[in-house]
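Chain naming follows the written order as A, B and C, and within any one chain the residues start at number 1.
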Amino acid sequence: MIETIVIPLLKIAVLLNAVLVSVTFMTLLERKVIAWAQSRLGPMRVGPYGVLQAIADPIKLILKEDITPVKADRMMFTLAPIISLVPALVVFAVVPFGGDELFYITDINVGLLFIISVTSIGVYGIILAGWASNSKYPLLASLRASAQLISYEIAVTMTLVSVILTAGTLSMVGIVQAQQDSGLWYGFVQPVAFVLVLIGGLAETNRAPFDMPEAEQELTGGFHTEYSGMRFALFFLAEYANMIVISAVVTVLFWGGWLRPFPSIDALAFLDLIPSWIWFFGKMFVFLYLFIWIRATLPRYRYDQLMRLGWKVLIPIAIGNIVVTGIAKVVL
Amino acid sequence: MAEALAFYTLSVLILGLAVAVITTPNTVHSVVFLVLNFLCVAVLYVFLQAEFLAVIQVLVYAGGIVVLYLFVVMLVNLGRSPEEHQDPRRLGLIGLGLSGAVLLELAGIIAYSYTREQSPPVTAAQASPVQGNIEELGWLLYTDYLIPFEVASVLLLVAMVGAIVLARRES
Amino acid sequence: MATEASPIFDTDELVINMGPQHPSTHGVLRIVLKLDGERVIDADVVIGYIHRGIEKLSENRDWTQIILLTDRMDYVAAATNNLGYCETVEKLMEIEVPRRARYIRTVLAELQRIASHCLWLGTHAMDIGAMTVFLYAFRERELILDLFEDYCGARLTYNSMRIGGLPLDIPTGWDNKVRAFCDLMESKIPEYEELLTNNRIWLERTRGVGVISGEDAVGLGLCGPPLRGSGVYRDVRKDEPYAAYDEFEFDVPLGTNGDTYDRYLIRLEEFKQSIRIIRQGLDGMPEGPVMGKVPRLIKPKAGETYHAIESPKGELGYFIVSDGRATNPYRFRVRPPSFCNLQGLRPLIVGHLVADVVTLIGTIDVVLGEVDR
């Protein structure tokens, strides 16, 4: 009873809180890092060095008036932010944050596919938000967003096939263990796949330079133009939660999850003194930082260029990568 | 016991959602009910320990195909009233015929399963040299069902080419 | 077109109203876009939302009071507006401006050009999604505003020139500050270039976007960087030198393709040329008074004149008629570069995607205060 119900529930509660809190601090991190990149200070007023800004922002959003436009479809308008947040949180169930069983909620044999399929539900949030707002800009933005998400989902899924081929398993824990057995992070075995997943991940989370859906310079805010208050905050939470998911997935698939660098070299065994979850969070943080860094650096792609990149560059490369991996797998 | 309870709750949900899909006047709402329906079916697959199928159900149907439905429903003007058909009863007749066919088919399946010998379930799985859900499926697809699999892929390819040809505008 | 389509796949044109409250229309520009999918098939540019009647107001003001009003046309380049107006009146009254005043005016005008281009670069890059460039460019613009504050006390609307010269000589040590700024600016331009010039995404977003041939550019009456971007050599500073430009050496950069990228390169090159001019101006700064001999009551004799200068946006011309009796102009008319360049917007955006619309508004660099006046 305790084993099957209480402990998982406790883990879920802890994880959900951890994710939501880290999302709020992600926003602070993003503002700070971008500020440093742009030679300014970022938030400095709330708390020392603006640390409490992360708390102040959600409070502000909760207290704001929650407006539903008169012409909006009330049911869908309310449902959309929920649909976009829930999948982003659900996928954390299969992310192994550490080597011990304590650090993941469950390890299912189709873990990676589970992540892909659940995140694919998130697109409904965006489409329905745009449609239910009953307004032109959000509709246009939501169409762009969903087309973008679907296209890049194909590219990412195709790429992941080659990783699955290499690892021989779909389980997230299994993939890390496969890297441990082979003694090499898959980032070195599958560098092409790593780059593709990273680019696809940027596009799937609607981050710069693929932040078309919310291109505020063109579409005055994107699919959530009509949203305010906490409903808007849910979209925001979803975006950052998705960023964390992508970082976690890239960490697990290519950067050895919770493993220390060069897990096969015994001379580096002293690195094992650092707990596995610290390795994991450290690697994840690198990617989150990278996401923010990219946003501060690059201009935005145009919609048609984005589509061209997805369909004519990423997908062919992904297919080629599968073929090469398959041949290598048979030959070796 | 718990499993049975979950199964019946799910079944009620699935049937209820299916009814909602065809009775809702708003097409977008109807598509959303369809997605929920698919998700419930995926849960049913999980109960049958077909996790792979469940995940694929979500990925392909809920996450892919229905999104395109939604596109079509949102973009294409479906405001035409059903009265445009000359014979209002024609649809009813087709419906009657189709539902009769489905009923017959169901009856056939039930009758067949009763008359068949109570053999141990899934012989192919025992014959396959691999263990596990996904491997088994893969093995079956590429051995026993290779031809149907390939035919289906060719069919999809043809459909894709056809769609491109149709969508292409004369410029 | 819509009527020919089949009833199921009706490709209705979507009419979208962009502005006047839109984050990237650079003020209160309104564009009614007719879209086919994401492609613009027609556009209607609506102006007039910030019309304050500056020209008519000027006809009821003293000649000196008008300087103040000119500040408020192109408010990101107030000094060049002052310069153009003062020179026009001087031309009308045949006033000789002291050489030192002309040098300082040139330095101020070129500083203003850098400030205006900084603002353009920042907003243009921001429109295309490169937010860091915006803050970098504004960081340098801030320094120029500080220099102007040192000179005349104001940061945006300077009222920095007078008919016949300048109200003030430059403060002690100001020239060294400007020199220091020039050195700094020169070190910052590579920073912008590093972020943009060879950036693949920037190239894809700007190359071949908004191409306009030299012939069309002349036909539409474009001026300034949009005209030079199409390879047409026209710079008032060279063609009809004013202030002290005839005494300085500088190049006029020209584009070849007439696309957004060329116009970007031209403006970046103008940064460097402006620094070159400022340095020459400071080095060769003559001694002497900064105010010429001007009658106490400014009252030009009857006549009319047109005088143009090269403002950061293009050819800024003033046409002034005096009836010789009143202490205010009889007719006051501005040829604003932004207004003329905005003519080119519709032909530029038709056929492009929605995302390019903001790029193209950015590339022609309009200030709505000047368009509407």
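What we mean here is this: contacts are C-beta pairs under 8 Å (C-beta built on N, C-alpha and C of every residue); 3 or more make two chains touch, one makes a residue touch a chain.
Note that the structure is a prediction, hence the values are computed from the model and not measured.
Of all chains displayed, A has the C-alpha centre closest to the centre of the whole protein C-alpha set. At the far end from chain B, in terms of centres built from Cα atoms, lies C. The mean-CA centres of chain B and chain C are about 62 angstrom from one another, to the nearest whole unit. Chain centres here are Cα averages; for chain A and chain C they lie 43 Å apart.
Each chain gets one centre point, the mean of its Cα atoms, and the points for chain A and chain B are 30 Å apart.
Contacts from chain B toward chain A in the complex involve residues 26, 28-29, 32, 35, 39, 51-52, 55-56, 58-59, 62-64, 67, 70-71, 74-75, 132-134.
For chain C in complex with chain A, the residues that touch the partner chain are 14, 16, 22-24, 38, 125-132, 135-136, 139, 195-196, 199, 201-202, 204-205, 353-358. The touching residues of chain A, counted against chain C in their complex, run 34, 37-40, 136-137, 140, 144, 208-209, 211-212, 215-220, 295-305. Listing the residues of chain A that touch chain B in their complex gives 73, 75-76, 79, 108-110, 113-114, 116-118, 120-121, 123-124, 127-128, 131, 139, 143, 146, 150, 153, 157, 170.
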